[in-house]
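Before I ask anything, let me first share the structure, which is written out below as structure tokens.
We just call them A, B and C in the order they show up, numbering each chain from 1.
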Amino acid sequence: MDTINIRLDAFEGPLDLLYHLIEKNEIDIYDIPIASLTEQYLAFLDAAEDRDMDGMSEFLLMAATLLEIKSKMLLPAPKNEEEEGPDPREELVQRLLEYKKIKDVTDTFKEREEEAALVFYKEADASVAKLKEQPPQELEDLLQGITMDDLYQAFQQVMARKETKEDKVRSSFRSVQKDLFTVGEKMEYIRDLLILRPYGKTAFHTIFRKNAGKMEKVVTFLALLELIKQKEVQITQERNFGEILISKYSEGGTE
Amino acid sequence: MRLSELEAVVESLLFIAGDAVPLTSIAQTIELDKATAKAVVLALADKYEKEKRGLRIVEIGGAYQMCTAAECFEYIRNMYKSPQRQGLTQSLLETLAIVAYKQPITRAQIEEIRGVSSDHAVAKLVEKRLICEVGRGDTPGRPILFGTSNEFLRYFGFKSIGELPPLEEEQEEENGDELTV
Amino acid sequence: MRLSELEAVVESLLFIAGDAVPLTSIAQTIELDKATAKAVVLALADKYEKEKRGLRIVEIGGAYQMCTAAECFEYIRNMYKSPQRQGLTQSLLETLAIVAYKQPITRAQIEEIRGVSSDHAVAKLVEKRLICEVGRGDTPGRPILFGTSNEFLRYFGFKSIGELPPLEEEQEEENGDELTV
């Protein structure tokens, strides 16, 4: 028997080893010659040199199982042939088949693994993390251009409602026409834009949203002026009528 | 390799880099001279612009970087910004108005005027430091009295609370629904 | 927006994300229903393939991610001199396959099928984030149940668990009354 030069750790476990023996000897898995298989299995264990007890125990457990099956097979067959008891090999065969199915499919996994390794995925852009950072909401954003007069109107309305016991739901509040865009909000928009643009530079026209109305454009422009005033951004123009670039302010970066 | 294949390779290189890639690296990788490599990069960049794609290639100091098109910025921002920045809700505005005009005032009194529970609104306004605790009432349980904060004054630009617009007691209340600005 | 504009937006979103983007996020961002959003993503993915571009879009468990085309592999590797990815060992592959087909599954059940202790393999796969805890069993001791992750799908290029290759002889064995499942 040429099992001697095969090391035990070449196998994933006793099932793997058994399966190897079955394949090698071209055994019909549904009719295993248990005596000879057990013999081969034990011979293999004997020959295996690398007996570290940890890994061995599972192989020894299987040896015991095989011997048990073998002894059951030796018992005299029941008198009535038709009432044949379960084949003592049945459970082992099922386990081997189950194991084979898994072992077979690992080849496909291996192929797919190699194929999928040909593809590269990019790390998330650093700007994404920055965008996700949510600065604390500033008071200005919260109040969004609400004036003292709005507050006054709100108060009047509440009091009126209280007196007339008006249904709260029906007295929908319409007095404050909310400004959809605030300078503060637009400043943040521009800051975010600079985060996203490579080298933190962006062309002037990009700060305006595509479908921005006149009011929004004005507010956006005011926000840009405010950022310039606060020395957060600076603008550059390389030549007359050239593109105006907006970038983060840097000391002595430009005129 | 044909031009389209070269473009594909350059595209993948710029994509995976996530940063600017020097022209020399590109040229080396596709085993061509720098001038040809540059032509490939520019052809790809040109295609992006012409086809109005979501990506662009920009050059900075002899290196090339793939980035998103400026037209898409708004959507990218929408995806990553949680839409929590809303203005003052009506309930906050009402509560703030009541505190401003009736201060010092307890939570129970606010609720009585509004006719609805105002715990949340009060807590939110305190959190935003627009109103604050200004003392304790004399009634049983010594309830907290709320008033507007200095923050509030600063925002609305009043020197002191005395400068709030006066309440006109004789307000026609019949058409209370039409108090539009 | 026209389809080409939507495609551009999706392209920029997938580019910037650097991770699989759930279809729901895409749909929300471009303000369209999921079916339409999916059609846009697939149209873009299709375009990449047809035009033999350097990029691809892959589906990973209901999410989409941009990656490089396999044809460009050698060039990228040359540029980054990245070492060949170490494949999984046979014991990891076996354990992973068992989890993939039998999930949710406990460590004990894995060991029963493999016939060997699998502590190490399970720990290693969890560390590689290829499998993860998906719940607890009802049996005494409430053992951890393992399942495969999205990283597993990406690692093998499966769109979803439904794409796993069928186990052989599955039909054939229906006569065997009970398989150890």
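Keep in mind that, in the parts below, contacts are C-beta pairs under 8 Å (C-beta built on N, C-alpha and C of every residue); 3 or more make two chains touch, one makes a residue touch a chain.
What you are looking at is a predicted structure, and each value in this text was computed from that prediction instead of being measured.
Put simply, the chain farthest from subunit A by mean CA position is B.
Think of the whole protein's Cα atoms as having one middle point; the chain whose own Cα middle lies nearest to it is A. Subunit B and subunit C have centres, each the mean of its CA atoms, that are 35 Å apart.
Taking the mean of the C-alpha atoms as each chain's centre, subunit A and subunit B sit 27 Å apart. If you average the CA atoms of subunit A and of subunit C, the two centres end up 9 Å from each other. The set of subunit A residues that touch two or more partner chains comprises 120, 122-123, 125, 128, 196.
Subunit B has residues 12, 15-16, 18, 68, 71, 76 in contact with two or more other chains. The residues of subunit C lying in touch with subunit B in their complex are 4-5, 7-13, 15-16, 18, 21, 25, 28-30, 51-55, 66, 68-69, 71-72, 75-76, 78-80. Of all the residues in subunit A, the ones that touch subunit B in their complex are 120, 122-123, 125, 128, 131-132, 134, 137, 139-144, 146-164, 166, 168, 171, 173-178, 185, 189, 192-193, 196-199, 202-203, 206, 209-210. By the touch criterion given at the top, residues 12, 15-16, 18, 20, 58, 60, 65, 67-68, 70-71, 73-74, 76-77, 80-82, 84-85, 87-88, 90, 93-94, 96-98, 100-101, 113-116, 128-130, 151, 155-158, 164-165, 167, 171, 173, 176-177, 179-181 of subunit B touch subunit A in their complex. On the side of subunit A, the complex with subunit C involves touching residues 12-16, 58, 62, 94-95, 97-99, 101-106, 108-110, 112-125, 127-128, 196.
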